[in-house]
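Each of the two complexes below includes chain A, the first together with chain B, the second together with chain C.
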Partner chain A sequence: MNVLEQFHDWLANYWPSWAAYLVPALVAFAVLSTFILLVVLVFIYVERRGVGRFQVRRGPNRAGPFGILQPVADAVKILTKEDIIPSAGDRWVHLLAPVIAFFPALAIFAVIPFEGRAIFADLNVGILYIIAISSLGVIGTFMAGWGSNNKYSLVSAMRAVAQMISYEVPLVLSIAGVLIISGSLSMTSIVEAQEVPFFLLQPLGFLIFFIAAAAEIQRSPFDLLEAESEIVAGYHIEYSGMKFALFYLAEYTHAFAISAIVVTLFLGGWHGVLLPGALWFMIKVFLVFGALFWVRSTLPRLRVDQLMGFAWKCLFPLALINVFITAIESVIWPEFPWQLLILNILIAALLIVLWSGFFRVAGERVSFQRYGRGIIKGLTVTFSHLFRRPITVQYPEQRLTPAPRFRGNMLVWDQDACIGCRACARACPVSVIDIETTKGDKGQIVEKLEVDFGRCLFCGLCVEACPVKAMFMSRDYEQASYRREQLVVSKEQFVAAEKRRSAYFYPDLEAEMPLQTLLAPPKEES
Partner chain B sequence: MDNVGITASFWVLAVVCVASALAVVFLRDIFRAALFLVLCFFTVAGVFVILSADFLAVAQVLIYVGAIAVLIIFALMLTRGTQQGSPSGRFRFTAFLVGAVFLVTMILVVTGTDWQAITETPTGSTTSALAHALFSEEEGFILPFEIAAALLLAAVIGAIVLIREK
Partner chain C sequence: MALKTEPVMINFGPQHPSTHGVFRMRVTFDGEVIVELEPVFGYLHRGIEKLAEAKTYTQVIPYTDRLDYLASMSNNFAYVLAVEKLAEIEVPERAQYLRVIMAELMRIASHLMAVGAFFNDLGAFFTPFMYMFREREKILDLFEMVCGQRLTYNYMRIGGVSHDIPERFLPALMRFIDEMPGFIEEYDWLLAENEIVLARTKGVGVLPADKAINASISGPMLRASGVKWDIRRADPYSVYDRFDFETPVGLRGDTYDRYWVRIQEMRQSTHIVKQAMQQLPAGEVRSKVPATLRPPKGEAYAHIESPRGELGFYLVSDNSPRPYRFKVRAPSLINLTVLRDLCLGWKLADAIAILGSIDIVLAEVDR
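Now for the complex of A and B:
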């Protein structure tokens, strides 16, 4: 008996039966969907930050501490956008598409057991229900592609359906192995059957399911239907505002759902030590989701023919073989002792290595030694980026220290050292230094110094020409203004400016300069 | 309580089902017609749920919505000029005749059959019962099932042979 049924039984003592039936369902639905949306917001944030770390670039870091408010800011932005409906499109199909795309992703959660008793409805056909419901998502994509009356969205929708139909086959077949071992279609019984997590007993099935699931939810490397370089944005190209937000949410809700299914089917669901089951479940979900975007941030997108070939020639036969082997094993060892995992892992490794030999890329036989190692190597490289020192700079407040001999975009002038010899002006190949001097008590006095940085080449010849170390290149690397004449820097501005000298031409200055930020060793952090 | 709820949901489903079926026939926009077909299949699945036939309901969605309807829509997208509505067919009269014959046959069969309503409430899951009915060796349909599988395989191979370029 799950929590929902308990609530219903308790309520039935006080309220009329229809209310006792309806209210718990509505409450559970509200709680569940709120929880899902919150997790999805966290997912969006975590993925954007995580992909930033994996790829050594920035994630959202401006809104709030560590950019944590970015999803909120995005939501506000999206809500205030104009709602555009293509005039030549099919209005109702266009409007309904995001809802229909979002619905199946949400409906999957009805049978996900977050814990033994925390499940909306423990259907005894649970996993079949999931397969059936998730095949609906493609209709939403279709409607979006068609209703927008846009050739790119139509192409994207066609790709989507071809991809989803193809990858559904290995997806379902890889589940069959799990079903043979657990002997049930109910999600709770599948979890309860996992004394050993099924990804050990079904390593091949797990891999196939993971890959096919990534293709089902169109995550990179299978995100052909939103390949920006080919079809701009894919099926949601004509969508703006809240309708686009629904597609976006649907994508991440689907990712959450798929992670939850992987955890339920292969990673032992809520089983775990010490911590409460629901917490274990969420930890595992986040690990699976992390793996999803780890792969996403590493592998490049596939070509259409490669995508289809991979589904039909690689995943499909391997999934069939997996079902076959599992069925034979279930006849020989009906109890599925855990020792089988050694045999199954060996079979999986052997099959993958052998099967990859059937394929040709650019007329050359695919060898696992080359491509398999390449993929693993790529994954380790991106993973190692997680442990790098973050190099994020909050730019206008915080600046990078450039290389010591950096030639910045302004000169530093030392008035006290200057003797007014005008060597700099004579050395300047583009004559942008305008200097006027008068005779003073102790040599020349600089009356006027104007440098037009709009025409300056930053060649550094003026610095080299100066006999008395009065002219330096600067470390600054930005100079922006609204008008050209503001680029002409006068004597007063030179005097007032901060003296951020670069070590260009004066290597002895390097000692007093802060270390370069970008490649500095970690010990320098202060 | 259950009776009221189930009756209410049955009528909602029935009305939506018949209405969407009519829409499939009468709409000129063929893409929308296909979408209403999806809705129709879906409501039929809902009726199965009311009858406690959970496996059938899921199979209905899986096969009719997930596979057949999607394939129909996919075929529509590959067809030119679908937005202008269905063209006036040369087979209009023949189609009407076949449709009328089919309708009359169905009405006769449905009204002529002596339907036996089961009074006891269905219990438990239907999945294992279905499996036993299909696969058990004593009173099951294992042989017809295998024959159907072989037939499907033959059809698949035949389709591949037909579309292969010589």
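Now for the complex of A and C:
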């Protein structure tokens, strides 16, 4: 008896049966979808921050404390954008695609048990419902690819169909092992059956499911649909505004859903000690999602034929064998004692080693040393970076000191020293120094000095040409203007400007200048 | 049932995340397989070769920065070598060593960028790119310390270099050179044995040695095809004959080998920098050169091993302060000529990987 049914039974005492049925359903739908969207926002935040740390960056940290408002800011930005429909595209297909892509992902949550009683509908065929619903999303993707009338998105759409259909097979087969052990299709009974989490009893099934699930939700290394380096953004290349937001949400909702399914089927659902079950469930979901973006930040993408080959030649036979082995085990040990996990882990390891031998890379058999060892090595490298200090600088607050010789964005002109010889103007390769002089009592007087810093190369040749130390590079590095003519600096501005001389060409100035900030300072300094 | 299919033409670029600038490929696909590829370039043509004819010999140096902007030091180097050959100018020892140190650091920085961008093209989510940028940033710090700029250095001068190095430079360089092999090791852990990387790169876009030589390919791309040709060894310039280093060569000439050769070259470069630091003599860094240089009538060609291949400058002097003719042998452009042959028959994703492994800089291709 879940919470929803209790609510219904209570209402049924007062209201007609149709209302007592409808109202709790609507309320629960509203609550559930709000919750999911909130979690999705957190997902987006966690992923961006997490990937940042894997890449020794900080990740978004400006909007709100620790950047937690970044997803909100993104949402506001996306929603205020112009909604574009390609003029040559198929209008209705284009419009409907994001909706069709989004709702199946949302609908999966109907049968996810967040806790024993917190489930929208405890279907007795819950897992079957998930399989059926989750394969609908590809229709939206295909419609988007087709309706946009764009070659990139069409390529993406074709890839989507091929990929989804292929990976559905091992995905379903890998669940079969779980079903044999638990003896039920209902999500709650599967969780209740897990005294030992199934990823221990079904290591191979878990691995296959995880990989196939990553492919289902198009996460790296299976993100061929939106492969930025190849087909730019794939099927959603022509989308903007709210429709793009729906695709974006669909992607993360699907990631959440798949993580939740992994947790339910293999990681013992809400089971856990001390903390409440729902909390355990969410912790596990975030761990699974963390693993997904950990993989994402490590691996490059497969090619489309390799992707298909991997599904059909590797995952599919292994999943079949796994079902077979599990079935035999269920006959011999109907109770599935926990000791079986040792045997199963051994079998899984053996199968992976054997199977990797069947694979060919560039015509040569992959040696036995390579059953994913390289991938695991890569994963350790990215993981170790999680604990390193980010190297990026919080710019406006934290400024780097440029080198004493830094060639900054303005020249420093010493009017008193200048003899108006025009050596600087002659040395300038791009002729941006405009200088006019008249004859005075003691040599030339500079009447006009104008430098166009919009065209200046900052090559420093004018400074080197000056015979009397009247021209210096500046150490400033912040200058921006909205108008090009503001970059033309006149004599008066030169005189009035703050004289932040650079030691360029005059190394004797270096002594009094602050040390340059270095990413790798010399040993005695660090 | 036989389905009627027809090839489809897709335009990659000039604005595309993986064309490394404004390069365009008109690719015709049969499904995902490339049946025709036509490279289109020239979007970044600025006429530098013509512009240089109106500049004095010294004024051209900042322009060479803007050819291959990922290896400005190497460009400076090749150009000043050509002028020195033309005007027969002696360069002080110390300057020679400084030039070698800078050129080798530049090679490391450029290869880091090349490999990082290559893995982005393979679809890694910026992680190798960020790691390699971290090390590149350290090199840029060093360059900034020496010459005041991080990208367009304008450091080398005819007859030497513009500045001597500051005091703090050598300890900082020492620290970097000590650290670097560890980081290269880390890249290997991350990438070299990764099954997906192997599957994506091994055997893809094979360039046989004879074809490479016929197409006048140079640099890491040629060496990946198994030809041991390195101008630092084949025609030693500056003081390269005094260093002990190896020339790594690939076996097959596939995309993986091109990546592998670059990684090995970074190792060798750190080795060269170390030796150069130990041997660095004291003394002047710039010989006396007249302010307006008028080389005698004649012509000169100087070439160096830039990170991308044989970078050559051909100069003709008519005894005026400006070059009569200024021609760049741009390795990126010549390496790019085999793109079509490498890509035909491969898949869409491979074309991107192959282009990434050629490592072009459009500013140098178009000039």
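Throughout what follows, the second predicted complex is superposed on the first by the 393 of 526 C-alpha atoms of A that agree within 3 Å, B and C clash if a C-alpha of one lies under 4 Å from a C-alpha of the other, contacts with A are read in each partner's own complex, and residues count from 1 in each chain.
Note that contacts are C-beta pairs under 8 Å (C-beta built on N, C-alpha and C of every residue); 3 or more make two chains touch, one makes a residue touch a chain.
Bear in mind that the values here come from a model prediction, so they are computed numbers and not experimental data.
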Check your understanding: Which holds for A:11: it touches chain B only (first), chain C only (second), both, or neither?
Key -> neither
Review point. Taking the superposition as given, does A:282 touch the first partner, chain B, the second, chain C, both, or neither?
Key: neither
Review point. Is A:505 touching the first partner chain B, the second partner chain C, both, or neither of them?
Key: second
**Study point:** Greater chain A contact set [chain C / chain B]
**Key:** C
**Study point:** Touching partner for A:191 - first (chain B), second (chain C), both, neither
**Key:** neither
Exercise for review: Figure out whether A:212 sits in contact with chain B (first) or chain C (second), or with both, or with neither.
Suggested key: neither
Review point. In the superposed arrangement, which partner chain does A:464 touch: chain B (first), chain C (second), both, or neither?
Key: second
Check your understanding: Intersection of chain A residues contacting chain B with those contacting chain C?
Key -> none
Practice item. Show which residues of chain B lie in contact with chain A when the two form their complex. Key: 1, 4-5, 29, 31-32, 35, 38, 54-55, 58-59, 61-62, 65-67, 69-71, 73-74, 77-78, 125, 127
Review point. Which positions of chain A touch chain B when the two form their complex?
Key: 16-18, 21, 90, 92-93, 123-125, 128-129, 131-133, 135-136, 138-139, 142-143, 145-146, 154, 157-158, 161-162, 165, 168, 185
Revision key, fill the gap. Per the touch rule above, chain A residues touching chain C in the complex are 51, 54-57, 151-152, 155, 220-221, 223-224, 227-232, 296-306, 361-363, 366, 370, 372-375, 377-378, 380-382, 385, 391, 402-407, 427-429, 457-461, 464-465, 473, 502, 504-505, 507, 510, 515-516, 518-524, 526
**Study point:** Interfacial residue positions of chain C with respect to chain A in the complex
**Key:** 8, 10, 16-18, 32, 55, 58-63, 65, 119-127, 130-131, 134, 137-138, 141, 144-149, 152, 154, 162-164, 166, 168, 171-172, 174-176, 179, 186, 189-200, 202-204, 254, 291, 347-350, 352
